[in-house]
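The structures considered in this document are given below.
Look for subunit A in each of the two complexes below; its partner is subunit B in the first and subunit C in the second.
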Partner chain A sequence: MTVKHWFPLALGVVVALLIPAVTHDNYVIQLLNIAILNAIVVLGLNFATGWVGQINFGQAAFYGLGAYTTGIAAKAGLPWITTPFLSVVIVMAASLVLGLPTLRLRTYYLAMTTIGFGEIVRLIIVHWEPVTGGTSGLRAIPGIGVFGIGPQGQVQHYYLLIAVLAIAALVAARIRQSSLGRAMIATKDSEIAAEQSGVDTTRTKLIAFMIGAVYAGLAGCLYASSIRFISPDSFSGTQAILLMTMLIVGGMGSIPGCIIGAVGLTILPEALRFLGQWYLVLYGLGVIAVIVLAPGGLASLASRLPRWAGAR
Partner chain B sequence: MLQGFSKTMMTGAALLCLIGVTNNARADAAACPATIPFGLTTPLTGNLALLGTQARNGAEFAVDEINAAGGISGKKIALTTEDTGASSTDALNAMNRIIESKPLVIMSSMISPHVFAQTESVNKSETPFIVGATNAKVTAQGSKWLFRTHAHDGQLAELIPEYLVKSLKKTKPGILVVADDYGLGASKGIQAALTKLNVTPVATASYAPSDKDMSAQLLEIKDKGADSLILFGRPSDITLVLKQMGDLGIKLTTIGNTSIVAQTTLNNLSAAEADGNYAIGGMIPQTSTDPKILDWAKRVQDKYKVPADNFTVSYYDSVFMLKSIIEKVGCDKPAIRDALAATKDFKGMLISYQADANGDLTHTLGIYRNKGKTPEFTGPIKESGF
Partner chain C sequence: MTDQAIITARGVTRRFGGLVALDDVDLDVPKGIVQAIIGPNGSGKTTLLNALSGASHADAGSIRIDGKEIFRLRPNRIARLGLARTFQNIRVFSNLTVLENVKVAAACNTPMSMLNIMLSNGTQRQREAEIESTSREALEIVSLAARADDRPTQLPYAQQRLLEIARALASKPKVLLLDEPAAGMNMTESMTLLDTIAKLKGKGITILLVEHNVRLVMGISDRVAVLDFGKKIAEGAPSAVQQNPLVIEAYLGRRHRHA
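Let's turn to the complex of A and B:
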């Protein structure tokens, strides 16, 4: 890694760490906490969609599965430390069952299946009321804590979530550089060519799909334990589309792009609140503008800047 | 150099503490600021906007009237409204934003999952919290800050079966509800109430909030020999159900929540589709015979281009209730909370409010019947024990 790569990364880390020192506004910190959780989920979505090229609308459902597994387990009295593992086991099992039959097929089958999967998960949550709380959701979910030690208040949650996001981004970067990452990109570029080169494309797609689900499941676990209330509307089809939009706007296939897209599209509606009901118009126009003017997403703008500067 | 820096910092910190202490000493607990800040979170965009705007309309209309008449003891109310959209996460964001502006009281919408998501944050801020959320469990959360000024589905679940069986003499009802927090919560309560009356529903069905075709559920209810239909939903989907009943030729005595008599529903139905249907719920102004109330409903409609409904009335009354309390106890949050908890016979626009141990203030509901496209007030019905 050169200075050109290190500098923006270091600057980003410093800014992220300094935010709570600059603002003591709990609203801002909580908003950033939700943005960080979205960033983790979008990083997960990037495996199957950004790197393997499979359209996945099931990420919100995996997010919800992780959140509900944690909520139900923690409220049943299980120690918090067990909940991330339980969430991972559940989402891995679900993604395996969903991915095995569908990822053998090409084109849009995964998109169709994951839309159906999201609806099935929503209906189970809504109608299995004694366990999930139904449409009223689950309240008073125990917070994060290991042997009685856990984050207190929004700021401490913020630092914990920043740490988890950093680990999630590092793991994603490592995977991208590995042979598995190269197999993912090869599968996206041309499945036939990748298979001719010895890549098991079905296995690659399944692994990418499952890793993405694990990211969403872990983010769901952290969401349930930090917000302490979950309801089906937070993991709906609308959320699935929003996650996909975050990925596209940020930049498909780019780790910084995932983070920029998630943080940007979480904060933007709040930043535009002063416009009242017109904010949706500006929000929509902004998203369209990014897609049209920067098809590679916001992350691609950074790489264009030196070219623009040189052209002058 | 470091020592010098530390000393400067400590002196600065001490000065800041001193300023803080002086300010606190100057503050009088009951004194109101120059403008009295009220906060409201409600859905103004998304698929719940039709409902959410009613809360905004009621609260805003009351604030405008109070301010035009000189405010509360000469001080104007400043109402800040934040849009929650349709998701609980966004509702929590909107509430945190409101809380950071340090309002004296906070109102939230009729959407129960939003209120569930917000309650913990409001409790921490120790601010009186008035909601219209209809899930019976909302006031059972054990929050000493939370109060509700609208009828809840627990009351409807008790009163609708009772009226259907005892007054309308129907013993073979079918149940059809919207599959959201409101409808499914009510369905469960209705089934329990029917069991107490020794009546078993012939069929129980639901539809998703976004569904447009409910004919399968309606035909199932008809085929199982129902003599009546208990219907729970939002105005948009209730309109579709009643239209499809007309299309399918299903004629059943229909009773449900006030969406059946809401003006937004009736505007989209023919007289034949609307006629004869019953509703029990919060009070609606259009059926009043009092010219003052009818004039109020007309002014609300003229201003917002949407007819006032039971929620508009409830949020309007909430603001006037708060005005009355603040005039008595000042701008001290715990005192306002205590006064809300001690409310007895506060005269609202259409009913009197009385607090129970949970913080529920509404115990009188209205029975309505559509005559053609015009809802008529049949009479009040009270929750048992009130």
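Let's turn to the complex of A and C:
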């Protein structure tokens, strides 16, 4: 770790911690909370898509599975502490069942299968009304609390979610620095060379897919119990594409990129709200501009920065 | 003979539709030698290498590495049993550093645990340190240690080939398959390559070399097998093979006529 590495990190942490001191607007904090949750989901997506190179449109469905598992369990009266475990068990089971038969196949098959999976999950949520509340969703989900202690108000939730995001990013960084992370990237770069180097590429793909699902499941659990209202819209196919866009705009394979992309694209539509109908035009142009001008995503701009600074 | 053979292949056959790319090929490679496989274009050299390494399985036959049957095993299993290879078309991991490229293979026999990775505990750091030292040693052997932190795509072509050799070495193989390692190399680079191969032989690694450049092969190999239309037509010491009329007709003769 050089100055170049830890300075942006430290800056990011300081800014993140100071935001609630600058703004007391609950709406802003709640928006940031959703941005942080999205960042965790995108960090998860990065394992299978950014590192292993598999196109996965099922991430929103895992997010939803986690959220609904927690929502249903908490409303049924189970203590909050059980809900992260329940959510993780459900998404792990779902990702295993989905991943085992499809990950042997190459790229596009997984893309198609995960689109189908997302649609199945959405349809179950919409139609299993007595349990899921159908299109109107679940309201008044009990909040986070362990032995009666839990965050109160948006700001406390914000700090809790920032801490979870930090852990999620740290675990991702550790995986990247391990033989597992290298195996993931090797699988993307050359599957046959990875195999001949002793990497079980099928297993690596499955693990990456499942870790990603666990990230989404945990984020879903926190979504349900911190926003306390969930509906199928938050976990639709559109959301799946949005998560993929966040990953691409932020920078595939880059941990800071995932966070920048998720936070940026969560906030941007709200920031552009004054444009009314026109916001989508600007939003779309912005996304295209990033893809054309910085194909490595926003995170890749950071590595160009020293060169610009040096030139002056 | 079979006791000392590190590779024992029997009746290896591979068909692509109506084309028989490998026709009932037998091969015995004694431990510790440099064995070359030569043959004209399309004679089945790379197909044989792919069958041995599991990259593309044979349809029939038996292949033993150090006594263990590997026929139809997945390539990663074969790699862990001690067979490593390089590729005719370079296949480096372009999104990893040079050192990380080698680390991928060095981790081949190291157990991995999610919990250790997440905690980054002593066991994990110990394992990573071992992988790192194995990898740096392998880079040292091919004189790429100074480029450890570069991206492989920043290396000249010949050095990318050496990186593939280092990656293969890092899995501590008993057998190393080199698929046209001198392709695209100039004279100086080929000489460095020959030195490296001699060094590896000195370490007791059996080397199976598929090569187009016959002159290069003759100098370095202890034994040469010749393939033509998927059949093994000759095998023996380089000098003997060069004299073999079948070989001259199938390969050297044809080259002479064109020249």
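In this text, the second predicted complex is superposed on the first by the 308 of 312 C-alpha atoms of A that agree within 3 Å, B and C clash if a C-alpha of one lies under 4 Å from a C-alpha of the other, contacts with A are read in each partner's own complex, and residues count from 1 in each chain.
The rule is simple: a residue touches a chain if its C-beta (ideal position, glycine included) is under 8 Å from a C-beta of that chain, and two chains touch if they have at least 3 such contacts.
No experiment lies behind these values; they were computed from the predicted model shown.
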item	value
Partner chain(s) touched by A:277 [first = subunit B, second = subunit C, both, neither]	first
First (subunit B), second (subunit C), both or neither touched by A:179	second
Shared contact residues on subunit A - subunit B and subunit C	none
Complex contact set, residues of subunit A against subunit B	25-27, 30-31, 34, 126-127, 129, 134-137, 139-140, 227-231, 233-234, 236, 238-239, 269-270, 273, 276-277, 280
Subunit B residues touching subunit A - in the complex, by the definition given at the top	44-45, 82-83, 85-90, 92-93, 96-97, 99-100, 112-113, 116-117, 119-120, 135, 137, 141, 179-182, 184-185, 188
Subunit C partner contacts - residues on subunit A that touch it in the complex	171, 174-175, 177-180, 182-183, 185-186, 188-190, 192-201, 207, 253
In the complex, subunit C residues that touch subunit A	53-55, 74-76, 78-80, 84-85, 87, 91-96, 100-101, 103-105, 107-110, 112, 114, 117-118, 120, 124, 127-128, 131, 167-168, 171
